[in-house]
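Next up: the structures, one after another.
Consider the two complexes below, in which chain A is the common component and chain B and chain C are the respective partners.
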Partner chain A sequence: MMKSLKALFSSDYGMLGALLFLCVFFSLVTYEQQQPVGDMGAKILVEKIREKFSEPGSVLIMGKKGTDGKAFVNGLKRRLNTDGWEVKQDLTGGPPELSKALRNTFENNSSVDLLACEQFFARLPMLENLENTSSLGKKMLVMSPASYGWPNFLKTSNLLNVANQIAVIAILAIGMTLVIITAGIDLSVGSLIAFSAVFASWTIREWTGGTEASVLGIILGCLISLMACGGLGLFSGLMIACYGVPPFVASLGMMMIASGLAYMLSGGLSIYQLPESFDWLGRGDDLAGIPNAVVLMILLYFFAHLLMSRTTAGRYVYAVGGNSEAARLSGVPVKRILLCVYAASGTLAGLGGIVMASQFRSGDPKYGLMYELYVIAAVVVGGTSLSGGKGKVFGTLIGAFIIAVIQNGMNLTGVQSYTQKVVLGMVLLGAVLLDMLKKRGWRFSS
Partner chain B sequence: MLRMKSIHKRFPGVHALKGVDFDLNSGECVALLGENGAGKSTIIKVLGGAIQPEEGIIQIDGKERRFSEPLESLEAGIAIIYQEFNLVPSLSAAENIFLGIEPSDFGWVREAEQNRRAMETFQRIGAEIQPATSCEKLTVAQKQLVEISKALVRDAKILVMDEPSAALTEKEVNQLYRVVEDLKRKGIGIIYVSHRLEEVQRLADRAVVMRDGERVAELTRKTMSKGKIIELMVGRSMASEFPVHIRKVGKVRLRAKKLKCGQRVKGVSLEIRAGEILALTGLVGAGRTETARLLFGADSLEEGEVELDGRKLDLCNPRKAIRSGICLLSEDRKEQGLILGLSVQENFGLPNLDRFSRSGWVNHKGERESFHGFVDKLQIKISNSSQLASQLSGGNQQKIVLAKWLERNAEILIFDEPTRGIDVGAKFEIYQWINQLADQGKGILMISSELPEVLGMSDRILVMKDGKVVGDVQNGSGTTQEKLMEMAIGEKISIS
Partner chain C sequence: MKTSILFSYRLIFSLFAAYFLGCGGEGEEVGMESAEDLDSESKGIIGVSVLTMGNPFFSVIANTITSEAASHGYEVIVVDGDRDVQKQANQIDDFITKGVSAIILNPCDRISIGAAVKKANEAGVPVFTCDLKCVAEGAEVVSHVGSDNLQGGKLAGEAMIEALDGMGGKVLVVHFPQANSCQLRVEGFKEVIQIHNQRNETEKIVVVAELDGGGVRDEGYKVTEDTMQAHPDLAGIFAINDPSALGARAALEKAGKQNQVKIVAFDGQPEGKQAIKEGKIFADPVQFPDQIGKKTVELIISYFNGKEVPSEVLIPTALYTQADGLKDPELK
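And then the complex of A and B:
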C-alpha cells in the first residue's frame, strides 16, 4: 500500500492521483437528486410520455422563466409535434401564468390529456387538486421529467465553470513554470494582469475606436498590450541575466512598476468603453460549448509541452535551471534563455490580463491582486521544484486544477471563503513537503 | 591525545582513505603532506565531522568518539581552519569569535565583556586587531588570526590548519609561525597541512606523508629532508599504468599569446601541436585551471590572443569557443561538467543540440542513436538513457563528458584533471582515448597535478607557478618527477 502510494507520488505527474482523489471526494460529497432542465429535461420527459401514451393527444406545455425553461418548452414542443401531438398551448412563467392557462382551458371546455411541465410545477398543490377534481370527467395527467441522482460537482456546467475560473491562473502558470525551472521566480505576473487589462482597454478606448472599435481595432489593442507586457518581462530578465539582480528582487520591482503604471493609465478607475465583441475571448464558447478561454489555455499547454520536451530551447531551460555554470560551459546561451523565459512569462501574464478584461468587458487596475501567489502555488503543487531544473508543464496544469477543484468543491459544500484560504495554504505546504520527501528518498529529516 | 585508527572512506568510484592511522600529542605540530588527491583533505573532513568514515575509530584522550556533524567535533575540542574562512563578513571580529557562545544575560549580549575577552585572546597570540572591526575590513592574515582566536575561545585542544600560509605575505607568514610556536607551547596539538616544505621543516615535529589514500611514511625532525619528502610524496611505480604509445607531432594548431587575467594568470603563452599531448602541471592555485578557462572562453581575457590554425579566435563565451572547435573537460565534473539533475542522454546532447535538431525541434531518435553509439564505444555503464547523471560513478560520469565532446568532434581538447576521483580501470580507458584523439591530429592539453600521469602521458610539459609558466620541458628520459616538483615549488632541492 505505502509502496504503491510512493510510486504514484514519485512519478512526474504524481499530483494527478491527488487531483483524481479530490474529484472523487467532491463528487461523493455533492451527490444530490438533480432536476433535469432545458433540452435534457425535454428529452427525458418525451421518453416517459411515449411509454405512457400509445396514442398522441393534446398537450399543454409549461416551462419556467429563463433560457432553461425556454429550451425545455421548445424541445418538448418539437419532439411532441413530430410524434403527432396537438400542442394546445406552450408557455413559460410562474404559477400565476400556469393557473391562468389552466383556467382558460377549462373555460373553453377544450380537453387536454396531458400537462407536461417542469418538476417545479408538478409539486404545486394547485395541480394535485387538479388531478382529483377534473371537471370534465376525463382525467388530465400531469407529467414532469423524473429527477435523477448526480453529483453537483460533476455537472457539465460546473466542470466548465471550474475550467473557466482557473483559465487565467493556468495561463500565467505556464510562464511561471518556465521561470521556476530556471531556478528563478516572477512576482510581477499579478500586476502585469492589471497592467495588460488596463493598457489594452485604454488603447482601444483612446486609439482604436472605443465602443465602436472594429475586430481589427480590438486585436491591435490586445497585441500592443501583449508586446508591452513582454517588454516589461524582458526588462526583468535583463536585470536578472545581465546585471545579476536576484529574480525575487527584480520581479518585486517590476510588480510595483506594473501596478503603478496600470493605476496611472486608468486614473484608478476601471475602463469600460469597450465594444461588445470584446467579450468573445472571455465569455464566448464557440467550440462545443467549451469556453474560449479554456480552449486557449489547453492550446497553450500543448504548445508549451512541445516546447519543453521537443525543442532545443526547452532542453536549454532545464539545463540552465539544473546548473547554469555547467550549462554555460556546455555552450548553452544562458543569458538569452533567461531573457526569453522572463519575456515569455510577461507575455503570458499579459494574455491572462486580456482574458480577464474580456471576461468583465473592462480594464481595472485592481485585477490580478495576489494572483502571483496562486500562480506560484499552482506551479509548486504541480511538482516543479523551486530549486530549478525539474518540472513539467502538465504538472502545473494539474496543480492549477487541484487548486480550482478545492476552491470549487468547498464553494459547493458551503465552506466559508476564509476557511478556504487556510485549506489552500495547507495544500501548498503539503505539496512542498511531498516534494522534499521525494528528493530525500522518503526520509523525514535531512 | 588524538588517535585515528585504520580510517576507511569510500566515495563513488574511489577509495579515498585506505585504512589511515594518525596520532597527535598535545603541544606537538604534525605536518600532513601529500600530493593533491592523496587524501589529506578527506582525513581533515573526517576529523571535522564533515564526512563520516565507513570504518575506523577516532579516540580523543583515550575515549572513542564519533562525529556525525561538525558541531560535535568542535565540542570535542577540534577546531579546523579551512582555506576558505568560516567568518560572517558583516559581523565584528569579536562577534565572530563568540558566535554561538556569546556571553549573555537572558539573551542580551554582554558586549563589553565580549570585546574585552576578544581583546585578551588577541593579545595572547599577539594579534593587533580591534575587536569591534567588522570582518570584511580585515586582511587575510587578520582573518586567520580571528579564526585561531575563535578556536582558542572554544578551548580547542587540537587545531587543524589547511594551507594556512597560502595567501599570506612573507611578513604575515613569520607572524603565523610565531603564533603556531606559541600555541604549541600552550599545549595545543596542531595538524599543519602545507605544500611549502621549508615551513614544514621549520614548524613540524613530525611529518606524515600520504599517497593515494594511504599513509606511506612518517618522518621525524631529523629525517625530514626536502628530497626525502618529495620522493615519498610522488614515489610510485609507473609501470603499465599508462598505455604505451609513440606519437607523431605535427604543426602548431593552437597558439595562445600572453594570456592575462587578474592575479591568477599573468601572461601565459603556449602552443599546442597536432597529435601532441601537452601537459600543464604545477601546484594547486598556480593558475592552470584559470588558463584553461581562458582558452575556453569561460572567463574573459584581459589581455592576450588565441589563434587556432592561424585564425584569430573571439573567445567571449564558451559557446563561441565550442563553435570554433575548442572544448574543456573541467576538473569539477559534478559542478561544471555535468548537469546532475538531467539524464545522461540530455547531458550528452546539450552541446550538440545544433546537430540533433532541425529549426529548433530536437531529433530525439538521432540523439539516442548517436548516444548509444558512444555508450558502446566507450563502454559506459548505464541502466538506460534516461538515468540521471548523478547516479553514475566518477569514471562513467567522465566518460559521459568525454562522449559529449567526442560527438562535437572538437579540434582542441582540454582535459583538466581527467582522472581525478576515478578508479584505475577507467583511468586506463580514458588514457587510451586521449592517445587516440592525439593520433587523429587533435591538439590535447592535459592539466594534471599527478606527476606520474604527466610523465606517463605527455609529450611536452609546461610547469606553472604563480600564474606564470616557469618550465617548458620535452618529456624524455631525463625528466623526472623530482625535477618537475622542483620547478613547481620553485626551489632547488638535492635528492639524498
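And then the complex of A and C:
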C-alpha cells in the first residue's frame, strides 16, 4: 500500500492522484437532492401525475424564467394535452406572476385541480397561505418533479464551470511553467491581464468602432493588445537575459508598469463600449457545449506539450534552467531562449486578459489582481521545481485543476472565504513538501 | 526512515480529514426536500456575495441578512467577493449549481458583473442587490436596497456649513469617483453648498479640489497633505467615508492644523463614530447597514409571497454628531 502510494506520487504526474482524490471527496460531500429541470423535469412530473390522477382534469403550469423553465413548461403542456388535460394557463416567471395567475383564476371562480410547477414554486410560503385563505385554493393540488440524489460537484454544468473558472489562470500558467523551468519567475502576469483587457477594449472603443465594431475590428484590437503584451514580456526578458537583472526584480517592475498603463488608459474605470460579438471567446460554447475558453486552453496545452517534449527549442528551455552556463558552453542560445520564454509568458497573459475581457464584455484595470500568485501556485502544485530545469506542462494543468476543484468544492460546501485561503496555502505547502520529499528520496532531512 | 514517511502521509491526510469532518457537519444541514414534505425546517437557501468582508459595513449587512432570513426559515450562505469581479462571478455560478432560491449581491463592478447576473436570470434565480447597484444592460435585478446617498450628501453639506460657523472658506473633497454612491454624496454636498453661496455673497464656501482618496486611509492622508501645500488656509474637508477622513485627520495632526480644518465624513463605522465622539471628525451622515440587510430580506420574503416589489428602496441617512457620540452606549 505504502509502496504503491509512493510510486504514485513519484511519477511525473503524481498530482493526478491527488486531483482524483479531491474529485471523489467533493462528490461525496456535495451529495444532495437535485431538482430535475427542463424537459427531463416535465417527463418525471407527468409520470407522477399519471399515477395520482386516474382521469384528466384542469391544470395550471408554472415554470421559472429562462430556457430550462420554458422547456419544462412546453414539455409538460405537450404531454398533458395528449393525456386530455385542460391546460388553463401556462406561464414562466417569478412568484409575483404565479400569484397574479392564481388570483385571476380564483376570482373568476373557476377551479383548478392541479398546479404543476417546478419545485422552487412548490416550496414558496405563498402556496401554504393560499390553502388557508381560499376554498378553491384548498382543492388545488400542487405537484412538482420529485428530486433525485446527485452530487452538486458532479453536475455537468458544474464541471464545465470548474474548467471555465480556471481557464484564464491555466492559460497563464503555461507561460509561467516555461519561465519557472528556466529558473526564473514572472510576477507581471496578473497586471498584464488587466493591461491586455483594457488595451484591447480601448483599441476597439477608440479605433475599430466601439459597440458597432466588426469581427475584423475585434480581432485587430485583440491582436494589437496581444502584441503589446508580448512586447512588454520581451522587455522583461531583455532586462533579464541581456542586463542580468534578477527575474524577480525585472518582472516586479513590469508588474507596476503594466498596472499603471492599464489605469492610465482606462482612467480607472471599466471600458464596456464593446460589441456583443466580443463575448464569443469568453461566453460562447460552440463545441458540444464546452466553453470556448476551455477549448482554447486545451489546445494551448497540447501545443505547449508538443513544444516542450518534441522540439529542440523545448529541450533548450530545460537546458537553460538546469545549468545555464553548461547550456551556453554546449551551444544553446541562452539569451534568445530567455527572451522567447518571457515574451511567450507576456503573450499568454495577454490572451488570458482578452478571455477575461470577453467573459465580462468589459476591460477593467482591476482585473487580475494577485493572479500571479495563483498562477505560480498552479505551477508549483503541478510539480515544476522552482530551482529550474524540471517540470511538465500537463503537470501544471493538473495543478491548476487542483486549485480550481478545491475552490469550487469549498464554495459548494459553503466554507468561508478566509478558511479557503488557509486551505489553499496549506495545499501549496503540502505540494512543495511532497516535491522535496521526492527529491530527497522520501527523507525529511537532507 | 519508515517513521518519517509515515509521518508525512499522516500530516497530509490529516489535513484533508480535518477538512472533511468540518464540512460533513455543514452538509447535513443543507437538506433539500421533495415537494411532499414542505413543512420541514429549511425552506431554501439564499446566497449572499458581499463586496468585501474587510469593511465592517458589509459584515453587518451579511449578519443581519443571515439572522433575518433564519427567522423566516431560510438558510443563508455568505461568501466574500473580495472586490474581485471574476471571483464574484464564480461564486454566482456556484450558487446556481447549488440551486439557491435567491441571490443577494453587492456587485464588485457595476457593469462587469452583468454577465453573471444574466446567467442567474437564465437559470430563473431571482437576484437582489443591496448598497451597490448593478447597472449592466440586460441584467435583471428584482430589487435594490441602498442608502439615500444624495440625501446623505445634502446632510453632509449642511453639517459643513454648520462646522464653518457661518464663515466661508476653502473646502477639499476627498472623493472616490469610481463608486456611484460617492458621486451621489458629492453631488448632494455641492448642491447644498451652492444654495448656501447664493444666499451669502460675502462668506462663500469654495470647493478648491476634488481628489481621489481611494476610500482608504493612506490615500486620504496623501491627498490632504498635498492640498495643504497648495491651500494652507484650508477650512474644511468632506471625505466620502470614514477611513479616508481618518487619513485626512492624520495629515492635519501632522501639520498641526487639526483645529483650523473641520472634517465632515460619511458612513458612521465604529471607528468613525469614535472619532466624532473625540471631536476629531465634526459629523457623519450615518448609514444603517442593519436596516439595509433587514429591508432586503423583507423584500425577498414578500417576493416569495407573490407580491410585486419596488425596484428600488432607499434608506435615509441621519446626521451623527458629537452629542450623539457622547450618548452612544456602544462606544468606549
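Just so it is clear, the second predicted complex is superposed on the first by the 346 of 446 C-alpha atoms of A that agree within 3 Å, B and C clash if a C-alpha of one lies under 4 Å from a C-alpha of the other, contacts with A are read in each partner's own complex, and residues count from 1 in each chain.
Everything below uses one rule, namely that a contact is a pair of C-beta atoms (placed from the backbone, for glycine too) under 8 Å apart; a residue touches a chain by one contact, two chains touch by 3 or more.
As the structure is a computational prediction, the values presented were derived from the model and not from experiment.
Novice: Quick one: is A:35 in contact with chain B, with chain C, with both, or with neither? Answer first, second, both or neither.
Specialist: Second partner only.
Novice: With the two complexes superposed on chain A, say which partner A:242 touches: chain B (first), chain C (second), both, or neither.
Specialist: neither
Novice: Classify the contacts of A:24 with the two partner chains as first (chain B alone), second (chain C alone), both, or neither.
Specialist: Touch partners of A:24: none, neither chain B nor chain C.
Novice: Based on the superposed arrangement, let me know which partner A:413 touches: chain B (first), chain C (second), both, or neither?
Specialist: second
Novice: Tell me the contact category for A:219 with respect to chain B and chain C: first, second, both or neither.
Specialist: A:219 sits against neither chain B nor chain C.
Novice: Classify the contacts of A:326 with the two partner chains as first (chain B alone), second (chain C alone), both, or neither.
Specialist: first
Novice: Who touches more of chain A, chain B or chain C?
Specialist: C
Novice: Where does A:312 make contact in the superposed view: on chain B (first), on chain C (second), on both, or on neither?
Specialist: In the superposition, A:312 contacts chain B only.
Novice: Same chain A residues contacting chain B and chain C, which ones?
Specialist: none
Novice: Mind pulling up the chain A residues that touch chain C in the complex?
Specialist: 2, 5-6, 21, 25, 29-35, 63-69, 92, 94-96, 98-100, 102, 118-120, 122-126, 128-129, 142-144, 146-147, 152, 155, 157-158, 161, 165, 168, 268-270, 272, 279, 283, 356, 359-362, 364, 366-367, 369, 407-408, 411-418, 423, 426, 430, 433-434, 437, 442-444
Novice: Using the touch definition from the top, list the residues of chain C that touch chain A in their complex.
Specialist: It comes out as residues 1, 4-9, 11-12, 15-16, 19-20, 22-24, 26-27, 30-35, 38, 43-44, 53, 72, 77-80, 82-86, 89-91, 93-94, 96-99, 101, 109, 111-115, 121-126, 142, 177-178, 212, 301, 303-309.
Novice: Flag every residue of chain B that touches chain A in the complex, lowest number first.
Specialist: 296, 298, 317-319, 322-323, 328, 330, 335-342, 346-347, 349-351, 353-354, 357, 360-362, 364, 404
Novice: Flag every residue of chain A that touches chain B in the complex, lowest number first.
Specialist: 310-316, 318-319, 322-323, 325-333, 389-390
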